[in-house]
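Across the two complexes that follow, chain A remains constant while its partner is chain B and subsequently chain C.
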Partner chain A sequence: MSKKKLAFALMDPPFENARTTTAMRLLEAAVRKGHDVSVFAYEGSVYLPFARQAQHANSVRGHSVEEENHPLTKDWLAALLAAAEGRGQKLEWANCGLCVDERGAQEAIAGVRRGSPADLVKFAEECDNTLVIATR
Partner chain B sequence: MAKKILQLIDGAYRCTLEEQDDPAIWITNAMKGAGGDFTVVLSGNAVNYGVKAQDASGLAFGAWRQTMPPRIHDDLAKLMEKGVAVHVVEEDVAERGLERGELIAGLKPIARGAVPKLLATHDLVWRW
Partner chain C sequence: MPQRYFLIESRDPFDTTTADSSATLARSLVAEGYQVTLFLVQNGVLPTRPGSRSKHLADAHKAGVTILADEFSLRERGIALDRLVLGVQAAPIDVVVDAMAEGAKTIWH
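This part shows the complex of A and B:
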(Lines of atoms letter the chains of each structure in order from A and count residues from 1; the text may use other names and numbers.)
(Lines give C-alpha, C1' and ligand atoms only; values in the text may rest on other atoms or scores of the structure.)
Protein backbone atom coordinates (compact mmCIF):
# COMPACT_ATOMS: atom_id res chain seq x y z
CA MET A 1 0.00 0.00 0.00
CA SER A 2 1.42 3.39 -0.96
CA LYS A 3 1.91 6.00 1.70
CA LYS A 4 -0.97 8.44 1.94
CA LYS A 5 -1.53 11.78 3.58
CA LEU A 6 -4.67 11.70 5.68
CA ALA A 7 -6.33 14.60 7.45
CA PHE A 8 -8.80 14.43 10.32
CA ALA A 9 -11.01 17.06 11.91
CA LEU A 10 -12.20 16.22 15.40
CA MET A 11 -14.74 17.97 17.62
CA ASP A 12 -15.61 15.90 20.69
CA PRO A 13 -14.09 16.52 24.12
CA PRO A 14 -12.50 13.66 26.06
CA PHE A 15 -14.45 11.43 28.45
CA GLU A 16 -17.82 12.15 26.85
CA ASN A 17 -18.32 10.00 23.80
CA ALA A 18 -17.16 6.80 22.14
CA ARG A 19 -16.33 8.83 19.04
CA THR A 20 -13.17 10.02 20.78
CA THR A 21 -11.83 6.49 21.22
CA THR A 22 -12.89 5.62 17.69
CA ALA A 23 -11.12 8.67 16.29
CA MET A 24 -7.94 7.88 18.19
CA ARG A 25 -8.08 4.27 16.99
CA LEU A 26 -8.36 5.49 13.40
CA LEU A 27 -5.32 7.71 13.93
CA GLU A 28 -3.47 4.74 15.42
CA ALA A 29 -4.37 2.54 12.45
CA ALA A 30 -3.26 5.23 10.00
CA VAL A 31 0.10 5.59 11.74
CA ARG A 32 0.53 1.83 12.05
CA LYS A 33 -0.10 1.41 8.33
CA GLY A 34 2.56 3.96 7.48
CA HIS A 35 0.52 7.01 6.53
CA ASP A 36 1.20 10.62 7.39
CA VAL A 37 -1.56 12.17 9.46
CA SER A 38 -2.69 15.71 10.15
CA VAL A 39 -5.27 16.49 12.79
CA PHE A 40 -7.22 19.68 13.29
CA ALA A 41 -8.77 19.70 16.76
CA TYR A 42 -11.84 21.87 16.79
CA GLU A 43 -14.19 22.86 19.64
CA GLY A 44 -14.06 20.48 22.62
CA SER A 45 -11.43 18.23 21.10
CA VAL A 46 -8.76 20.81 21.96
CA TYR A 47 -8.94 19.24 25.43
CA LEU A 48 -7.73 15.86 24.11
CA PRO A 49 -4.06 16.90 24.53
CA PHE A 50 -4.65 19.01 27.67
CA ALA A 51 -1.49 18.62 29.74
CA ARG A 52 -3.17 18.89 33.14
CA GLN A 53 -5.30 15.76 32.75
CA ALA A 54 -4.61 13.56 35.77
CA GLN A 55 -5.34 9.99 36.79
CA HIS A 56 -7.44 9.28 39.85
CA ALA A 57 -8.22 6.38 42.16
CA ASN A 58 -11.59 4.57 41.93
CA SER A 59 -13.22 4.25 45.33
CA VAL A 60 -16.19 2.33 43.94
CA ARG A 61 -13.91 -0.46 42.79
CA GLY A 62 -11.40 0.01 45.59
CA HIS A 63 -8.59 0.68 43.14
CA SER A 64 -5.58 2.87 43.85
CA VAL A 65 -4.42 5.38 41.27
CA GLU A 66 -1.86 2.86 40.06
CA GLU A 67 -4.31 -0.04 39.88
CA GLU A 68 -6.96 2.00 38.12
CA ASN A 69 -4.40 3.35 35.62
CA HIS A 70 -7.09 5.60 34.22
CA PRO A 71 -6.80 6.37 30.51
CA LEU A 72 -5.91 9.93 29.61
CA THR A 73 -6.29 11.12 26.05
CA LYS A 74 -3.15 13.24 26.38
CA ASP A 75 -1.23 9.98 27.00
CA TRP A 76 -2.89 8.31 24.02
CA LEU A 77 -1.81 11.19 21.81
CA ALA A 78 1.70 11.28 23.30
CA ALA A 79 2.05 7.56 22.54
CA LEU A 80 0.85 8.09 18.98
CA LEU A 81 3.23 11.03 18.47
CA ALA A 82 6.11 8.88 19.74
CA ALA A 83 5.09 5.95 17.52
CA ALA A 84 4.91 8.18 14.45
CA GLU A 85 8.24 9.79 15.22
CA GLY A 86 9.82 6.40 15.80
CA ARG A 87 8.65 5.28 12.37
CA GLY A 88 9.76 8.45 10.64
CA GLN A 89 6.21 9.48 9.88
CA LYS A 90 4.41 12.75 10.29
CA LEU A 91 1.68 13.15 12.87
CA GLU A 92 0.75 16.80 13.07
CA TRP A 93 -1.79 18.05 15.60
CA ALA A 94 -3.12 21.61 15.45
CA ASN A 95 -5.48 22.87 18.12
CA CYS A 96 -7.96 25.55 17.03
CA GLY A 97 -6.61 28.61 18.82
CA LEU A 98 -9.96 30.32 19.34
CA CYS A 99 -11.41 27.11 20.77
CA VAL A 100 -8.41 26.89 23.10
CA ASP A 101 -8.93 30.47 24.28
CA GLU A 102 -12.65 29.94 24.88
CA ARG A 103 -11.92 26.97 27.09
CA GLY A 104 -8.69 28.02 28.77
CA ALA A 105 -7.06 24.92 27.32
CA GLN A 106 -3.70 26.50 26.55
CA GLU A 107 -1.62 23.87 28.34
CA ALA A 108 -1.11 21.13 25.78
CA ILE A 109 1.46 18.33 25.66
CA ALA A 110 4.60 18.63 23.55
CA GLY A 111 3.98 18.07 19.87
CA VAL A 112 0.72 20.00 19.79
CA ARG A 113 0.64 23.43 18.27
CA ARG A 114 -1.83 26.27 18.15
CA GLY A 115 -3.58 26.61 14.83
CA SER A 116 -6.60 28.04 13.05
CA PRO A 117 -9.19 26.96 10.49
CA ALA A 118 -6.60 27.89 7.88
CA ASP A 119 -4.70 24.79 8.99
CA LEU A 120 -7.65 22.58 8.14
CA VAL A 121 -7.79 24.17 4.69
CA LYS A 122 -4.07 23.52 4.29
CA PHE A 123 -4.42 19.93 5.50
CA ALA A 124 -7.28 19.36 3.07
CA GLU A 125 -5.27 20.76 0.18
CA GLU A 126 -2.23 18.65 0.97
CA CYS A 127 -3.84 15.33 1.83
CA ASP A 128 -5.23 12.43 -0.18
CA ASN A 129 -8.42 12.38 1.86
CA THR A 130 -10.08 13.91 4.90
CA LEU A 131 -12.41 12.61 7.56
CA VAL A 132 -14.54 14.90 9.72
CA ILE A 133 -15.65 13.28 12.98
CA ALA A 134 -18.12 15.84 14.23
CA THR A 135 -20.04 16.18 17.46
CA ARG A 136 -23.57 14.81 17.23
CA MET B 1 -35.66 7.43 55.42
CA ALA B 2 -33.84 7.96 52.15
CA LYS B 3 -35.88 8.78 49.10
CA LYS B 4 -36.35 5.92 46.70
CA ILE B 5 -34.66 6.79 43.42
CA LEU B 6 -35.17 4.98 40.15
CA GLN B 7 -32.28 5.11 37.71
CA LEU B 8 -33.44 4.69 34.10
CA ILE B 9 -30.33 3.91 32.07
CA ASP B 10 -30.92 3.78 28.34
CA GLY B 11 -27.83 5.12 26.57
CA ALA B 12 -24.90 2.73 26.53
CA TYR B 13 -21.20 2.57 25.70
CA ARG B 14 -20.94 6.34 25.33
CA CYS B 15 -17.51 6.75 26.96
CA THR B 16 -16.90 3.41 28.63
CA LEU B 17 -13.40 2.82 27.26
CA GLU B 18 -12.12 6.19 28.44
CA GLU B 19 -13.89 6.11 31.79
CA GLN B 20 -13.41 2.36 32.29
CA ASP B 21 -17.03 2.20 33.41
CA ASP B 22 -20.47 3.58 32.59
CA PRO B 23 -20.79 6.92 34.44
CA ALA B 24 -24.46 6.38 35.36
CA ILE B 25 -23.72 2.96 36.85
CA TRP B 26 -20.54 4.19 38.52
CA ILE B 27 -22.29 7.09 40.24
CA THR B 28 -25.13 4.80 41.32
CA ASN B 29 -22.55 2.55 43.00
CA ALA B 30 -20.95 5.58 44.65
CA MET B 31 -24.27 7.05 45.81
CA LYS B 32 -25.43 3.68 47.12
CA GLY B 33 -22.26 3.64 49.19
CA ALA B 34 -23.21 7.09 50.48
CA GLY B 35 -26.55 5.82 51.75
CA GLY B 36 -28.85 6.34 48.77
CA ASP B 37 -31.74 4.00 47.99
CA PHE B 38 -31.67 3.06 44.34
CA THR B 39 -33.32 0.82 41.79
CA VAL B 40 -31.95 0.49 38.27
CA VAL B 41 -33.78 -0.19 35.02
CA LEU B 42 -31.66 -0.97 31.98
CA SER B 43 -33.45 -0.35 28.71
CA GLY B 44 -32.54 0.07 25.05
CA ASN B 45 -28.91 -0.65 24.27
CA ALA B 46 -28.07 -0.57 27.97
CA VAL B 47 -29.54 -4.06 28.38
CA ASN B 48 -26.30 -5.25 26.81
CA TYR B 49 -24.50 -4.14 29.95
CA GLY B 50 -25.83 -7.34 31.49
CA VAL B 51 -24.05 -9.66 29.04
CA LYS B 52 -21.48 -11.66 30.95
CA ALA B 53 -19.20 -12.45 28.00
CA GLN B 54 -18.24 -8.82 27.43
CA ASP B 55 -14.51 -8.24 26.95
CA ALA B 56 -13.34 -4.70 26.21
CA SER B 57 -9.66 -5.39 26.78
CA GLY B 58 -6.93 -4.76 24.26
CA LEU B 59 -7.11 -1.03 23.65
CA ALA B 60 -3.66 0.29 22.69
CA PHE B 61 -2.15 3.41 21.18
CA GLY B 62 1.52 3.15 20.29
CA ALA B 63 3.27 1.95 23.45
CA TRP B 64 0.26 2.78 25.67
CA ARG B 65 -1.81 -0.18 26.83
CA GLN B 66 -5.10 -0.15 28.75
CA THR B 67 -4.62 -2.29 31.86
CA MET B 68 -8.03 -1.84 33.51
CA PRO B 69 -10.70 -2.12 30.81
CA PRO B 70 -14.37 -1.61 31.67
CA ARG B 71 -16.18 -4.59 33.22
CA ILE B 72 -19.66 -3.20 33.38
CA HIS B 73 -21.36 -6.53 34.04
CA ASP B 74 -19.16 -6.82 37.15
CA ASP B 75 -20.14 -3.29 38.19
CA LEU B 76 -23.80 -4.33 37.89
CA ALA B 77 -23.13 -7.44 39.96
CA LYS B 78 -21.51 -5.25 42.61
CA LEU B 79 -24.59 -3.03 42.65
CA MET B 80 -26.82 -6.03 43.19
CA GLU B 81 -24.52 -7.29 45.97
CA LYS B 82 -25.15 -3.96 47.68
CA GLY B 83 -28.89 -4.57 47.52
CA VAL B 84 -29.78 -2.57 44.44
CA ALA B 85 -32.40 -4.26 42.26
CA VAL B 86 -31.38 -4.13 38.59
CA HIS B 87 -34.13 -4.67 36.04
CA VAL B 88 -33.76 -5.26 32.30
CA VAL B 89 -36.59 -4.49 29.92
CA GLU B 90 -37.34 -7.90 28.49
CA GLU B 91 -38.56 -6.68 25.09
CA ASP B 92 -35.27 -4.81 24.60
CA VAL B 93 -33.36 -7.96 25.55
CA ALA B 94 -35.36 -10.01 23.06
CA GLU B 95 -35.08 -7.44 20.26
CA ARG B 96 -31.29 -7.68 20.52
CA GLY B 97 -31.32 -11.45 20.24
CA LEU B 98 -29.99 -11.96 23.74
CA GLU B 99 -30.79 -15.18 25.57
CA ARG B 100 -31.39 -15.17 29.30
CA GLY B 101 -28.37 -17.42 29.81
CA GLU B 102 -26.10 -14.81 28.26
CA LEU B 103 -26.90 -12.33 31.05
CA ILE B 104 -25.39 -12.22 34.51
CA ALA B 105 -27.39 -13.79 37.32
CA GLY B 106 -29.66 -11.62 39.42
CA LEU B 107 -31.03 -9.28 36.76
CA LYS B 108 -34.80 -8.92 37.00
CA PRO B 109 -36.67 -9.00 33.68
CA ILE B 110 -39.43 -6.42 33.48
CA ALA B 111 -41.97 -5.96 30.72
CA ARG B 112 -41.94 -2.54 29.09
CA GLY B 113 -45.56 -2.09 30.08
CA ALA B 114 -44.73 -2.69 33.73
CA VAL B 115 -42.18 0.11 33.98
CA PRO B 116 -44.75 2.85 34.74
CA LYS B 117 -45.91 0.92 37.81
CA LEU B 118 -42.32 0.72 38.96
CA LEU B 119 -41.94 4.49 38.46
CA ALA B 120 -44.92 5.03 40.72
CA THR B 121 -43.22 3.22 43.59
CA HIS B 122 -40.30 5.65 43.67
CA ASP B 123 -39.98 9.19 44.95
CA LEU B 124 -37.62 10.31 42.22
CA VAL B 125 -37.01 9.09 38.67
CA TRP B 126 -33.74 9.97 36.98
CA ARG B 127 -33.21 9.21 33.31
CA TRP B 128 -29.62 8.83 32.15
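This part shows the complex of A and C:
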Protein backbone atom coordinates (compact mmCIF):
# COMPACT_ATOMS: atom_id res chain seq x y z
CA MET A 1 0.00 0.00 0.00
CA SER A 2 1.29 3.45 -0.87
CA LYS A 3 2.36 5.90 1.79
CA LYS A 4 -0.46 8.01 3.15
CA LYS A 5 -0.87 10.87 5.59
CA LEU A 6 -3.06 9.91 8.53
CA ALA A 7 -4.31 12.18 11.28
CA PHE A 8 -5.43 11.27 14.78
CA ALA A 9 -7.13 13.40 17.40
CA LEU A 10 -6.76 12.25 21.00
CA MET A 11 -8.42 13.50 24.17
CA ASP A 12 -7.75 11.04 27.00
CA PRO A 13 -5.13 11.64 29.68
CA PRO A 14 -2.58 8.88 30.33
CA PHE A 15 -3.02 6.06 32.86
CA GLU A 16 -6.83 6.22 32.92
CA ASN A 17 -8.41 4.45 30.00
CA ALA A 18 -7.74 1.65 27.53
CA ARG A 19 -8.25 4.17 24.74
CA THR A 20 -4.74 5.49 25.42
CA THR A 21 -3.19 2.07 24.84
CA THR A 22 -5.30 1.54 21.73
CA ALA A 23 -4.37 4.98 20.39
CA MET A 24 -0.67 4.25 20.87
CA ARG A 25 -1.08 0.87 19.17
CA LEU A 26 -2.72 2.61 16.21
CA LEU A 27 0.08 5.17 15.97
CA GLU A 28 2.65 2.36 16.11
CA ALA A 29 0.86 0.45 13.37
CA ALA A 30 0.64 3.56 11.18
CA VAL A 31 4.35 4.28 11.56
CA ARG A 32 5.29 0.63 11.07
CA LYS A 33 3.26 0.54 7.87
CA GLY A 34 5.17 3.52 6.50
CA HIS A 35 2.61 6.28 6.75
CA ASP A 36 3.16 9.86 7.82
CA VAL A 37 1.21 10.64 10.97
CA SER A 38 -0.14 13.84 12.48
CA VAL A 39 -1.53 13.87 16.01
CA PHE A 40 -3.56 16.60 17.65
CA ALA A 41 -3.66 16.16 21.44
CA TYR A 42 -6.56 17.88 23.10
CA GLU A 43 -7.66 18.22 26.72
CA GLY A 44 -6.07 15.62 29.03
CA SER A 45 -4.10 13.96 26.25
CA VAL A 46 -1.59 16.83 26.38
CA TYR A 47 -0.15 14.92 29.34
CA LEU A 48 0.73 11.92 27.16
CA PRO A 49 4.14 13.47 26.28
CA PHE A 50 4.64 15.13 29.68
CA ALA A 51 8.39 15.00 30.31
CA ARG A 52 8.16 14.65 34.10
CA GLN A 53 6.30 11.35 34.09
CA ALA A 54 8.20 8.94 36.32
CA GLN A 55 8.14 5.24 37.03
CA HIS A 56 7.28 4.12 40.54
CA ALA A 57 7.62 1.09 42.78
CA ASN A 58 4.61 -1.08 43.65
CA SER A 59 4.35 -1.68 47.38
CA VAL A 60 1.33 -3.95 47.00
CA ARG A 61 3.31 -6.37 44.86
CA GLY A 62 6.55 -5.65 46.64
CA HIS A 63 8.15 -4.62 43.37
CA SER A 64 10.98 -2.12 43.06
CA VAL A 65 10.93 0.57 40.39
CA GLU A 66 12.98 -1.68 38.12
CA GLU A 67 10.84 -4.76 38.77
CA GLU A 68 7.60 -2.88 38.23
CA ASN A 69 8.93 -1.33 35.00
CA HIS A 70 5.83 0.83 34.79
CA PRO A 71 5.13 1.91 31.21
CA LEU A 72 5.09 5.64 30.54
CA THR A 73 3.31 7.21 27.60
CA LYS A 74 6.10 9.76 27.14
CA ASP A 75 8.49 6.86 26.52
CA TRP A 76 6.11 5.18 24.10
CA LEU A 77 5.80 8.42 22.16
CA ALA A 78 9.56 9.04 22.23
CA ALA A 79 10.06 5.56 20.77
CA LEU A 80 7.52 6.26 18.05
CA LEU A 81 9.12 9.60 17.20
CA ALA A 82 12.51 7.90 16.96
CA ALA A 83 11.11 5.09 14.82
CA ALA A 84 9.46 7.52 12.43
CA GLU A 85 12.59 9.63 12.15
CA GLY A 86 14.74 6.56 11.58
CA ARG A 87 12.49 5.48 8.74
CA GLY A 88 12.34 8.92 7.17
CA GLN A 89 8.69 9.37 8.01
CA LYS A 90 6.90 12.27 9.59
CA LEU A 91 5.30 11.97 13.01
CA GLU A 92 4.00 15.37 14.01
CA TRP A 93 2.51 15.86 17.48
CA ALA A 94 0.75 19.12 18.35
CA ASN A 95 -0.47 19.75 21.89
CA CYS A 96 -3.41 22.11 22.32
CA GLY A 97 -1.81 25.19 23.88
CA LEU A 98 -4.77 26.24 25.98
CA CYS A 99 -5.14 22.70 27.30
CA VAL A 100 -1.43 22.72 28.20
CA ASP A 101 -1.72 26.03 30.04
CA GLU A 102 -4.81 24.95 31.96
CA ARG A 103 -3.01 21.85 33.16
CA GLY A 104 0.52 23.17 33.61
CA ALA A 105 1.74 20.58 31.15
CA GLN A 106 4.32 22.75 29.39
CA GLU A 107 7.21 20.34 29.90
CA ALA A 108 6.86 17.99 26.95
CA ILE A 109 9.45 15.65 25.46
CA ALA A 110 11.43 16.69 22.38
CA GLY A 111 9.47 16.43 19.15
CA VAL A 112 6.23 17.76 20.60
CA ARG A 113 5.11 21.25 19.71
CA ARG A 114 2.52 23.66 21.01
CA GLY A 115 -0.47 24.15 18.76
CA SER A 116 -4.15 24.99 18.71
CA PRO A 117 -7.41 23.47 17.46
CA ALA A 118 -6.57 25.10 14.12
CA ASP A 119 -3.95 22.36 13.77
CA LEU A 120 -6.67 19.72 13.81
CA VAL A 121 -8.40 21.50 10.93
CA LYS A 122 -5.09 21.73 9.09
CA PHE A 123 -4.34 18.05 9.69
CA ALA A 124 -7.81 17.01 8.53
CA GLU A 125 -7.40 19.05 5.35
CA GLU A 126 -3.87 17.86 4.60
CA CYS A 127 -4.22 14.20 5.49
CA ASP A 128 -5.83 11.37 3.57
CA ASN A 129 -7.92 10.35 6.55
CA THR A 130 -8.61 11.35 10.14
CA LEU A 131 -9.68 9.34 13.17
CA VAL A 132 -11.04 11.12 16.24
CA ILE A 133 -10.77 9.10 19.45
CA ALA A 134 -12.93 11.10 21.78
CA THR A 135 -13.26 10.87 25.54
CA ARG A 136 -16.59 9.38 26.63
CA MET B 1 -19.83 10.18 0.16
CA PRO B 2 -17.43 7.32 1.01
CA GLN B 3 -18.36 3.90 -0.31
CA ARG B 4 -16.89 2.16 2.69
CA TYR B 5 -17.46 2.69 6.38
CA PHE B 6 -15.22 1.34 9.12
CA LEU B 7 -16.91 1.57 12.50
CA ILE B 8 -14.92 1.00 15.70
CA GLU B 9 -16.79 -0.09 18.82
CA SER B 10 -14.83 0.07 22.08
CA ARG B 11 -17.67 -0.17 24.56
CA ASP B 12 -19.04 -3.06 26.54
CA PRO B 13 -22.73 -3.70 25.76
CA PHE B 14 -23.14 -5.06 29.28
CA ASP B 15 -22.05 -1.64 30.57
CA THR B 16 -23.75 0.74 28.14
CA THR B 17 -26.78 0.20 25.97
CA THR B 18 -25.37 2.48 23.27
CA ALA B 19 -22.68 -0.08 22.44
CA ASP B 20 -25.20 -2.05 20.39
CA SER B 21 -25.94 1.01 18.28
CA SER B 22 -22.78 0.49 16.24
CA ALA B 23 -24.08 -2.83 14.96
CA THR B 24 -27.43 -1.21 14.25
CA LEU B 25 -25.76 1.65 12.38
CA ALA B 26 -23.66 -0.84 10.44
CA ARG B 27 -26.77 -2.73 9.33
CA SER B 28 -28.44 0.51 8.27
CA LEU B 29 -25.44 1.54 6.20
CA VAL B 30 -25.35 -1.85 4.48
CA ALA B 31 -29.05 -1.45 3.71
CA GLU B 32 -28.16 1.87 2.06
CA GLY B 33 -25.66 0.08 -0.16
CA TYR B 34 -22.38 0.78 1.62
CA GLN B 35 -19.62 -1.66 2.42
CA VAL B 36 -19.29 -1.75 6.19
CA THR B 37 -16.79 -3.22 8.61
CA LEU B 38 -17.43 -3.23 12.36
CA PHE B 39 -14.21 -3.49 14.36
CA LEU B 40 -14.52 -4.42 18.03
CA VAL B 41 -11.78 -3.36 20.43
CA GLN B 42 -11.21 -3.11 24.19
CA ASN B 43 -14.37 -4.14 26.07
CA GLY B 44 -16.20 -3.95 22.77
CA VAL B 45 -15.03 -7.53 22.13
CA LEU B 46 -17.01 -8.97 25.07
CA PRO B 47 -20.14 -9.82 23.05
CA THR B 48 -18.03 -11.97 20.72
CA ARG B 49 -18.56 -14.73 23.30
CA PRO B 50 -21.82 -16.47 22.43
CA GLY B 51 -24.32 -15.07 24.91
CA SER B 52 -27.16 -12.74 25.63
CA ARG B 53 -25.59 -9.69 23.92
CA SER B 54 -24.35 -11.48 20.81
CA LYS B 55 -27.58 -11.10 18.89
CA HIS B 56 -26.70 -7.67 17.50
CA LEU B 57 -23.47 -9.06 16.07
CA ALA B 58 -25.19 -12.10 14.60
CA ASP B 59 -27.86 -9.91 13.01
CA ALA B 60 -25.23 -7.57 11.60
CA HIS B 61 -23.32 -10.50 10.14
CA LYS B 62 -26.48 -11.83 8.50
CA ALA B 63 -27.11 -8.39 7.05
CA GLY B 64 -23.69 -8.37 5.37
CA VAL B 65 -21.53 -6.46 7.83
CA THR B 66 -17.93 -7.64 8.13
CA ILE B 67 -17.21 -8.03 11.84
CA LEU B 68 -13.64 -8.06 13.13
CA ALA B 69 -12.41 -8.28 16.72
CA ASP B 70 -9.05 -7.00 17.90
CA GLU B 71 -6.79 -10.00 18.63
CA PHE B 72 -5.00 -8.16 21.44
CA SER B 73 -8.27 -7.25 23.19
CA LEU B 74 -9.48 -10.84 22.88
CA ARG B 75 -6.26 -12.19 24.40
CA GLU B 76 -6.37 -9.65 27.23
CA ARG B 77 -9.83 -10.89 28.18
CA GLY B 78 -9.12 -14.58 27.77
CA ILE B 79 -11.57 -15.01 24.91
CA ALA B 80 -10.58 -18.00 22.81
CA LEU B 81 -10.27 -17.26 19.11
CA ASP B 82 -11.97 -20.54 18.19
CA ARG B 83 -15.06 -19.78 20.29
CA LEU B 84 -16.17 -16.50 18.78
CA VAL B 85 -19.78 -15.99 17.82
CA LEU B 86 -20.51 -16.96 14.21
CA GLY B 87 -19.43 -14.28 11.76
CA VAL B 88 -16.76 -12.64 13.93
CA GLN B 89 -13.14 -12.89 12.85
CA ALA B 90 -10.09 -11.99 14.94
CA ALA B 91 -7.86 -9.36 13.34
CA PRO B 92 -4.80 -7.27 14.18
CA ILE B 93 -5.26 -3.58 14.87
CA ASP B 94 -3.43 -2.94 11.62
CA VAL B 95 -6.76 -3.31 9.82
CA VAL B 96 -7.81 0.08 11.21
CA VAL B 97 -4.76 1.77 9.69
CA ASP B 98 -5.30 -0.08 6.42
CA ALA B 99 -8.92 1.07 6.29
CA MET B 100 -7.86 4.67 6.92
CA ALA B 101 -5.19 4.44 4.24
CA GLU B 102 -7.73 3.04 1.79
CA GLY B 103 -10.03 5.98 2.40
CA ALA B 104 -12.79 4.36 4.44
CA LYS B 105 -14.86 6.66 6.60
CA THR B 106 -13.51 5.62 9.99
CA ILE B 107 -15.59 6.36 13.07
CA TRP B 108 -14.73 5.60 16.71
CA HIS B 109 -17.46 4.89 19.23
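Some observations on this one:
Just so we're on the same page, the second predicted complex is superposed on the first by the 136 of 136 C-alpha atoms of A that agree within 3 Å, B and C clash if a C-alpha of one lies under 4 Å from a C-alpha of the other, contacts with A are read in each partner's own complex, and residues count from 1 in each chain.
The definition used in the following text is that a contact is a pair of C-beta atoms (placed from the backbone, for glycine too) under 8 Å apart; a residue touches a chain by one contact, two chains touch by 3 or more.
Note that the structure is a prediction, hence the values are computed from the model and not measured.
In the model built by aligning both structures on chain A, chain B fits alongside chain C without clashing.
Once the two complexes are overlaid on the shared chain, A:Ala29 sits against chain C while remaining clear of chain B. Of the two partner chains, chain C is the only one touched by A:Leu6; chain B is not. Between chain B and chain C, it is B that contacts the larger number of residues in chain A.
Look at A:Ala18: by the touch rule set out above, it reaches both chain B and chain C. By the touch criterion stated above, A:Asn129 is placed in contact with chain C alone, chain B being left untouched. By the touch criterion stated above, A:Ser59 is placed in contact with chain B alone, chain C being left untouched.
Vertex at chain A: the C-alpha centres of chain B and chain C lie 60° apart in angle, rounded to steps of 10. Touch criterion not met for A:Val121: it reaches neither chain B nor chain C.
Once you line the two complexes up on chain A, you'll see the smallest CA to CA distance from chain B to chain C is 5 Å. Overlaid on A, the two complexes show chain B and chain C touching the same residues of chain A, namely 18, 25. Against chain A, the residues of chain C that register as touching in their complex are 10-11, 41-43, 72, 92-94, 96-98, 100-104, 106, 108. Of all residues in chain A, only 14-18, 20-21, 24-25, 28, 31, 58-61, 63, 67-71, 73, 75-83 touch chain B in the complex they form.
Across the complex, chain B meets chain A through its residues 13-21, 26, 29-30, 33, 59-64, 66-68, 75, 78. Chain A makes touch with chain C in their complex at residues 1-2, 4, 6, 18-19, 22, 25-26, 29-30, 33, 35, 128-129, 131-134, 136.
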